[in-house]
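The following pair of complexes shares a single chain, subunit A, combined with subunit B in the former and subunit C in the latter.
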Partner chain A sequence: MQRMFMRRTGLALLLMLAATALTFWLVTAAPGNVAALIAERAAGAGADGAMIQKIADDLGLNDPLPVRYVRWLGDALTGDFGVSIRTGKPMAEEFSARIPMTLTLLAGGGVLALTLSLVMGIAGAASNGGVVDRALHGMALVGASTPNFFVAALLVIVFSVWLGWVPTFGVSGFTSWLMPWFTIALFPASVLARVVRVNLQDTMSRPFATTGFAKGLTRRAVLLREALPNIAIPYMTTFGAQFTLMIIGAIVVERVFGLAGVGSFFIEAIRFRDFIGMQAILTLFVVFFVSVNLFVDLLAMLADPRLRRPRKA
Partner chain B sequence: MKNWPWAILAPALLFVLIGLFAPLIMTHDPGAQDYGALLTGPSGAHWLGTDYLGRDMFSRIVGGARTSLVAMAFVLLAALAIGVVIGSFAGYVGGKTELVMISVIDIVLALPSLIIALALMGVFSGDNFTWMSDYWKMIVALTMAWWANYARMSRAVVVAELQQPYIEAARVMGASHLWIFTRHILPHVLGLVVVYASADAGALVLAIATLSFLGLGVAPPTPEWGQMLVDGMSYIEEYPSLVVIPGLALTAVVVSFNLLGEAFALQKVPRAVRGRFLTRKKVARAAEESARKEVEA
Partner chain C sequence: MTAPIYEVEGLVIDLYTPTVSVRAVDGAGFHVAPGETLAIVGESGSGKTVMTLGPLGLLPEGVAVDLRGTARADGKDILAMSPSDLSRLRGGFFGVIFQDPMSALNPMLKIGPQLAEQARRYAGLSAEAARKEAVSLLARSGIPDPEDRYGRYPHELSGGMLQRAMIALALAARPRVLIADEPTTALDATVQAQILALIRQIQKEDGIAVILITHDIGAVSVLADRVAVLYAGQVAEEGSAVDVLTAPVHPYTRGLLASVPDFRSDNASGTKEIPGIPPNQARLEPGCRFVDRCDRAIPACRSRRPRLQAVAKGTVPHRVACPVVIAAEGIVTHD
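What follows is the complex of A and B.
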């Protein structure tokens, strides 16, 4: 088991390396840009070829790509992600200012998605084909199909413009977080509610559930005590995948509500051609995705001994 | 496909038809500005009113359908073609080549497709890519982000199909690799991938709108729903319809493709597919069971 853990962790680290190398290669595929942009920033329109050349030399932009990647990696491992071309501040500083905002968004959204999906899924399974079940199915379908920026816009129209309960812009206090949280939670909650619903129905038709009924347990008891623990693994796996996808929601939500998080920085970096900033944020994303997936896999392995056996290739 | 709910095709088909015949349906030029009729409500002349530049909302919605449809079709076809070729090649050849190709696919799939597309839009904004229009940049970026899923799926089908006895029989009878691949394996791959693509179309329409919403997709003169929505955000307090109309259009299209995907999933789909499709298979099994229960009751 320990060996499987180590193996899986090693693979994840390799994947991180490879993925950052890929993004590094992509982002630097527009050569000359970085030096020219920095020169432009420093000297306005007066930047000439010599100055651009000097900056390129100083930053080692003329070295071969592998050399640059290794140097970048060495810096990144010590927490140095370079200086943002757009803001002129070190990326490490930007990170410490912006990561808490995005993490608050993801954590709140994650908790909300978890709660909503479990409530919806269990209510659906309890109703089993009834009106509640069908209504929840419809809601989940619409929830999984509505673009998150439209969800955000609708929330603003109803709760800010019509009712005037929460400010349209920025965050101050708990209530103003509710709209951003709900916006990013709706899609994962809808998908996860389906997972809960379908898997619960699956387990309810297994022999052990029938045994539960035969013992005289009520439907509710079988559902909650016998069936529910069995959906933990598919639920966990899907939750992990959906949680990582919530970063896309975070990008959109940060734009709509004007939050200074990592996502809005990413979009600004792309628009400004801040390649250093882009690479830093992409690295952050890669680390986030790969480690969430790793964590979910390890949890699943802990919970289900069958997954611990090495698979035959 | 005997009991297949054909009616479920209708909404998606409607979107395709509107997109195809957009020039005939539009009542106005979607780019024409009328400063005499800024931000008006629905009327006989402008069925859905006008926006902040006096452009006809109905025509812009119809034009937006065309923009989405064309971009979606290009990306879907290109991603499908690239994915099928790479994936089935990897699966058929096997060995170290396969391992390397799978690794590349896994690396691309390490980030969500939309994030990759966003990063590529940034890369394409560099000086080396001025020869591409924004519209094509978006299509290329989305394609480069989207193929990997199809490649992984195709490979899985090929590997599973190669283990079937009839392939061995064909080989014994002296069939060439090309014959075996095109006659026996490719139909299985395409069968599955095309079904998946029809459900994936909704996700792609959403991705196109999201890119434009973030200002990194279709450039302004072209009517596009995500962009109409972000433009409308500035007028959300007085004229929420500017946001609600494109939002509803977008949601309706995505719902219709998701319905299609669900209908496909409820039928028997080919086996040997991992990941997202596994959950769909479970949906299928659950549906069969509930159908059986209904018959019994």
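What follows is the complex of A and C.
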């Protein structure tokens, strides 16, 4: 167990290194000259070759790529992600302003996805082929195949334009979060609801479920007390994957609902070819991806007694 | 003879999956009295499990079931019970031991607390008393260091220990009928004998009714008072263990016993398998189910379904569903 823990953590760190190196290379290799961009921002049309050359030298842009990566990594580890070319502010400052917004979006969406998927999956399994089961299956199919910008547009039209319940744009208070949360949670909730439903059904046909019935439990009790704990591993692993994917959803959702988070910053960074901003945000994404998956894997291991307490030979 | 405590008659169970429908049980029945051990024998797929557990609602998940006939527990009609009454009956009146303890115990649940919960719900014990009861049941089932095993998960115990835990779980509610569905098939040979001895000991001490479903003719001869031989969802022969094992009449029973090595001394020289395979239960023929594999079959067997006839009087009737052998060997019938 302890060794497994160490190995997973080590692997996660390696993965982060490899992924940031890859993004660093990709971002640097993208067309566009950082020094020229900065010079242009500073001096407008008056930027000349000498100025560009000086900026490139100052930033060390002419050094070999590995040297630049190591330097960047050293800075990043101390919390220095450079200065955004677009906004002219340090990325660390942008982060502290924008990360809370994105985290609120992801956390609310994650909780909603967990709740919806468990309720839908369990209700489906309880109904077992009945009307509720089929209706929920249909809903999950629709939920998993509707693009989030479409969901967002639909919500805005119904709840903001027609009913006037929530503002179209920006967030102020709990209710204004509901539409972004729902938009970002719909896809993962639909996928997870199927995971719950299918795995519960499979578990209900295992011999220990029959033992549960033989113990005198009702179907509902067998479902909740005997079968549900057994789907913890596939459920948590899928949740981890879906939750990390929500960061991609956040890019769209933040833009549609006008949330000043890291997702909308990323789009702007791409449009303005803000390489430093792009690299900083991509690093954030990598750290999020890897650490969420690590956390979920470890949690799943803790949930299963066979992994938590391996049998001594 | 004591009145039966679990009694099934004229049971017909049809199972429907999306691809096939089979008549798993076709007019079979059995009964067992307190203090008695009934063995149900027959090949795999002959309907032993479905016949015994089906009336309790313990049927394969995801299979549509049509069940007819009568089934009584302590005189009460099981088939007319509400789902919640039936659940309570399953939990309290019956105790069930399954074939493979490795898969029959929930890997996510500790063993002891499950026993304690049964004792609390069905034997009406307090939480504290139920815990004590659970530990003493584990001890009684032959599990060493029961205090420690109480908090263990299934994967931390060996197969033999798990089957002992399963037995303890089945007993925790203090059932009146213990059903053991091939309790030793999945276990090592040395452990098998221990588990059978444990079941026999419990049966002796508690005087409960035991239904032992098994392939193991040796186990039948040691444990059973009565035997029912099932073939393709029908009872071919039933009677006291002595009668059925030493004076089998039905060609299937004879074949089954002849296929057991060293069971009867006159057969020690060699064993012989019954040729052929059981019939396709998806296609129902009108005659005897065994006809295609039977060395005594006559043309009439194909059109006439044999009924059980008593071939010996006595406290335990010996009944056989084969008019051909009965007639050919001049066996006197009593009904």
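Here, the second predicted complex is superposed on the first by the 301 of 313 C-alpha atoms of A that agree within 3 Å, B and C clash if a C-alpha of one lies under 4 Å from a C-alpha of the other, contacts with A are read in each partner's own complex, and residues count from 1 in each chain.
Rule of thumb we're sticking to: contacts are C-beta pairs under 8 Å (C-beta built on N, C-alpha and C of every residue); 3 or more make two chains touch, one makes a residue touch a chain.
Here the structure is a predicted model, which is why all the values come from computation and not from measurement.
Measured by the number of subunit A residues touched, the leading partner among subunit B and subunit C is B. In the superposed model, A:T23 lies in contact with subunit B only, and not with subunit C.
After overlaying the two complexes on the shared chain, residue contacts for A:R255 are found with subunit B alone; subunit C is out of touch. Applying the stated contact rule after C-alpha superposition, one finds that A:T146 touches subunit B and leaves subunit C untouched. Touch criterion met: A:F213 reaches subunit C, while subunit B stays clear of it. By the touch criterion stated above, A:I247 is placed in contact with subunit B alone, subunit C being left untouched. Once the two complexes are overlaid on the shared chain, A:A269 sits against subunit B while remaining clear of subunit C. In the superposition on chain A, A:L154 makes contact with subunit B only, not with subunit C.
In the superposition on chain A, A:S205 makes contact with both subunit B and subunit C. When both complexes are overlaid on chain A, the residue A:F285 reaches subunit B alone and has no touch with subunit C. Within subunit A, the residues touching subunit B in one complex and subunit C in the other are 201, 205. Within the complex formed with subunit B, the residues of subunit A that make contact are 15-16, 18-19, 22-23, 26-27, 29-33, 36, 129, 141-142, 144-147, 149-150, 153-154, 156-157, 161, 168, 194-195, 198-199, 201-202, 205, 234, 238, 244-245, 247-248, 251-252, 255-256, 266-267, 269-271, 273, 275, 278, 282, 285-286, 289-290. Subunit C contributes residues 56-58, 60-62, 83-84, 87-92, 94-96, 98, 100, 103-109, 114, 117-118, 121-122, 153, 155-156, 166, 169-170, 173 to its touches with subunit A in the complex. Residues 103, 106-108, 110-112, 114-115, 118-123, 125-129, 202, 206, 209-210, 213-216, 226, 229-230, 232-233, 236-237, 240, 243-244, 247, 250-251, 254-255, 258-259, 262, 279, 282-283, 285-286, 289-290, 294 of subunit B touch subunit A in their complex.
Listing the residues of subunit A that touch subunit C in their complex gives 201, 204-219, 226, 229-230, 232, 304-306, 309, 311.
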